[in-house]
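Inspection log for the structure reproduced underneath, given as structure tokens.
Chain naming follows the written order as A, B, C and D, and within any one chain the residues start at number 1.
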């Protein structure tokens, strides 16, 4: 008997337990809908991994639409579910949320760029490559028509093409509504590619040619955006800096300049921030996002500025890949986490999640920079090493 | 009453449930040791996130030590626990494991580089910066002595220093035995910094100055390494390519060249691979690694080569951050996942985990490149969209 | 008396000669129009540097327009003036030209992207930044109107805006006709900025905010293009590879893959080529281009492919900054070099120069890859070390 | 008759003149030693390009050795020869030199890293790759012995090796005394490679495998250094800022932060500076350096800091490739330019040139940042456009 011969989660788990003389009781303890998960999320399932889930916040978020009509402010306080195994992270983010809320909240903004898929085509040479590029530009509507055949929830927003000798790379940007949409855009791009191949005779070498560029750190995603671009900012008064964050504006500013800017510059980094990836990881895990997109989420810039003795702080994430329907968002615990944020996968909910991400990342940046500026990071970790909770 | 006023996981969860009129039953269902987790992993804990966990493999791994004594081969087959919400991923990795095992296994190698922490110091100017750099080089043993005061499991391996005007960045590389060790190295570096400050009068601006560079995509980690460097390779015969992977060596090679090399080059990527981050994410989640280190794990290079009609394939990950004690590895389900790999956090176990990572990443790369080369990626996703299991 | 007190080239030179007890006879020997050069190219002029100038070629160039109307082929052979002090370079490029011409010529294509200037503005915060971005998009025609006031030879093609907290970066792309145009776009952007400041009240922090990004290596120029994008390709038959280049297609392909792709990937390079910068330097110097733009010209990709025993080779330069009027192109020797190429700064001449650049870069890549593949690079340099001419 | 049938510079020039019905009188007017230049610098020579050469300075340079023994100050004022066609550049650098000299001079420091050559070897697989790496480390002295056979002026300083599957990249760092040394290290590496191949049977794929990495922008050179690392700094008092630079410390600081740091960060740049490449180009051209190394010289970081109303400014160039013997330094006008700096290619002269480079780059950065901060850049260019000399 082999693993594939077993059809239920339990039978597979028991097979592994016997084969390896192990007990996997904890993995076997879960409340996930087995039928759904095995068909949609996880083949050869034997159970579940459990990750501790805590709450940071509440954090006050101020919605920031831009445009001629001016601002419509919609302010709300959110408790934020974060799943992590890294001690002190939630305590730190929580402190940041407190400081931001005491300061009047984080102003946030989101811009939808689109989920990208980037096939690569192979031509007979430069002449055909260039003609092919022109053809693509001229048939945008036809290509979108093909994509729409695969889903009523997809729309092709734009295409960007690069020719390198015989290789033609096409970056399709899709609107996928509330879904993160990688599966949707793969299916749509395959349909588009078949149309292209039959119309032009040019062969698609790969539906995914790394011009997407998916789950790899890359300047293209930072420069052109991917998924959503999000921003958040706050002004932290001296009083909050002193009482809640135990530091000063100048101290944070100095650390930011030396660490996030110059330190990243000499390291050849794409992330000019303190630790975006920590907040992104914990929020992605809690809310059922694709964890490999932590890579895209780790890029971006934190800025600070002194305003007298107060601190201006902002974050910019150019390539945040999130969704509120499909993928891991349908799982039981993840659905509950989303419900804590008031998110059900309805229209606008993914923008909302993106904005909360921005606010939480801002909170995490503020709190870590504050810790670093007054030298308490190691203290927190030393407490943890002794099994004490971070105060 | 506020969240912080509640002391038990249940009380906090109930507070949130009442406050937001929600039911969080699934989050409340877990087998994690509450006392340990709340003190070590997760503040403000209200429960746990569950992620489906499946098995890929077995994959045959051939240990590859290099050196004067020649090769000692130690071959073993591993079932690999992967936690993911991305449908088709485990099926795909599983197929790669099958192909590799049929081909005689993956040869793997690991090199320990060290866990880095990179404080930044601020001097009075270039003259002091350069003298400070010289002082650091001359006091290596003293610095290591300081670090050893903080733990019997730490050893300073080397330091790398960069001067930029008044800023001096120091990258400490530590051996942290079987731990991933970020907490350990933060505590050790803080101790070192206090010694440096008292001996030299030069002020440490931040214990973490992004010259580490931790959880941000960066060329420094790729060029100088971080954590562990790992490699894996296999030669896949034509028969396996045809029967198990439904493709040919030439087809895979063409996709690899167009996607992993040229496609990454035009995208300004640090990852010249197909999807390292997917395998790293699933294995990190299952085995209790810090998920923000997926960022470092996403960098690296896949190579392929035609050997007649057979395919040579290799992967290289320059900055793999893993551990087998501490952090998330102590949690119940993660501990069980590690036990599936025969890992208990004993001496050599972290190298072993790193090697298995390399093998699994190789399997994932092989399988996805095969799918792309014969156009089946979208088919898999279309099946998933219809709720069908990937065959 | 100080240097600035002297008004003629000779007087300044004599001042330096006396001051430092030197003879600068060679520097004093030049045919440049002193009045023009001192007012347009070089303040405090004391004479001229002489760089040896040689000829490579002829190289056959085939013009490759793309579009609906199909191809109009215009074929011509060019002698190419190259100024360099690097022995063996012209000999090598010359061999590449010979091989390409024997193979039927290089097909070349050019796309005008535009000369960029990227000012940075500072707002009061995210809300104003986003409103400012919207304002800019809505006033494109007004901005272009401002730019046109400064020159009848300028046209604003597009703008690209990035918001990072209080900072708003705007990348203006200008058509500057036959001029490289950095001075023109600086003047135009200053005029635009004054309009923007008076209309919006938002302050311009710097007319050049590195979002241009001028004379620094940067992914933005590669991804979005700068100046002109150019391509060239050729197919080299086995006979030419053997007789002229003393190598085989396979040997070149292997070196290309190991060097230009994988070697560049592990080095964190923006240049996936063999030595673009050499040809760009020599042609820029001969034809009066701004030498600091060698930086942009060094980026780009070479591809090769086996076609039976023949070799396909292509080059792609995404950010070539060239002009045929203004700047150094007005100087006597540079004007003569341009005349060798049949270039007078007339309409279309800058595209023509860009295409010749592409062809010459292709020749240089082909020849060096051939040398490396048969191990003759060091031989050439050893001959030079002995004062022998490269055969 | 073809070009290669002519043996003298004049005959070749006349051939081109007749062939193309042109007059190349200015190209034909030069004082370069024809015999030497045609055998060492320029094949198919037909004459010379003339570039206007001017003087900036004097600039006061303060030598800054670091070490236990403290500082030995050696201060000197230099007139700096700069060859350029870019109007306003020398005037701007000159102003920077004046401001620095008025402020007490630029403190400079140099560290010799070594000229690199990076061959790539191809093995049978990972096992051999790793054994090969070990072999190289164990035979360092033998390899150096081979290199010394090729020149008495070369010394192998260190090697750095990277394994990627079957590819082994080796970065040799050589001390080449006063020469820039690319030819020397190519010859030495070829000799080393022959030894390696005969001893190990591992085949060298290319003597230059882009792990050098020569004349391409790359993080490797920035992180590990290439040629020389140089630094310069100065403190500019408020009075000099006001009177000579027409600006304030705060204005310069604000432009620096928005342009050199944040502007470069969002552009994916390797250069966190204002315009290193301009000064490097002009000084390289005047002193006979290889112009393709402007690429390496364009990378690096400028820092500024407010000290009350004074400005601290520093530059760091991690990969400056310069020499004072061989190459273009032997040409008549270049030799004279070097003599202006008191450089004859004697021991220590290349370090001296590198230090002067650092000082001049500092002057150029200071002056441009000052111009940008008070909005005068466009004014300068507008004057030029009208044929007026920059005041």
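Things to note:
We take it that a contact is a pair of C-beta atoms (placed from the backbone, for glycine too) under 8 Å apart; a residue touches a chain by one contact, two chains touch by 3 or more.
Fair warning: this is a prediction, and the values are worked out from it, not measured in the lab.
Note on connectivity: the fewest steps through touching chains from subunit A to subunit D is 1. Two chain pairs, B-C and B-D, are compared here, and B-D has more C-beta pairs in contact (counted per touch definition above). Centroid to centroid, with C-alpha atoms defining each point, subunit B and subunit D lie 38 Å apart. Note on chain placement: the centre of subunit A and the centre of subunit B lie 18 Å apart, centres being C-alpha means. Across the assembly, subunit C contributes residues 164, 167, 219-220, 223, 262, 264, 266-268, 270, 301, 303 that each touch 2 or more other chains. Of all the residues in subunit A, the ones that touch subunit D in their complex are 219, 222-223, 257, 261-262, 264-268, 270, 272, 301, 303.
Residues of subunit B touching subunit D in their complex: 64, 66-68, 71, 107, 109, 125-127, 130-131, 133-134, 163-167, 219-220, 223-224, 231-233, 268, 301, 303, 305, 312, 314, 316.
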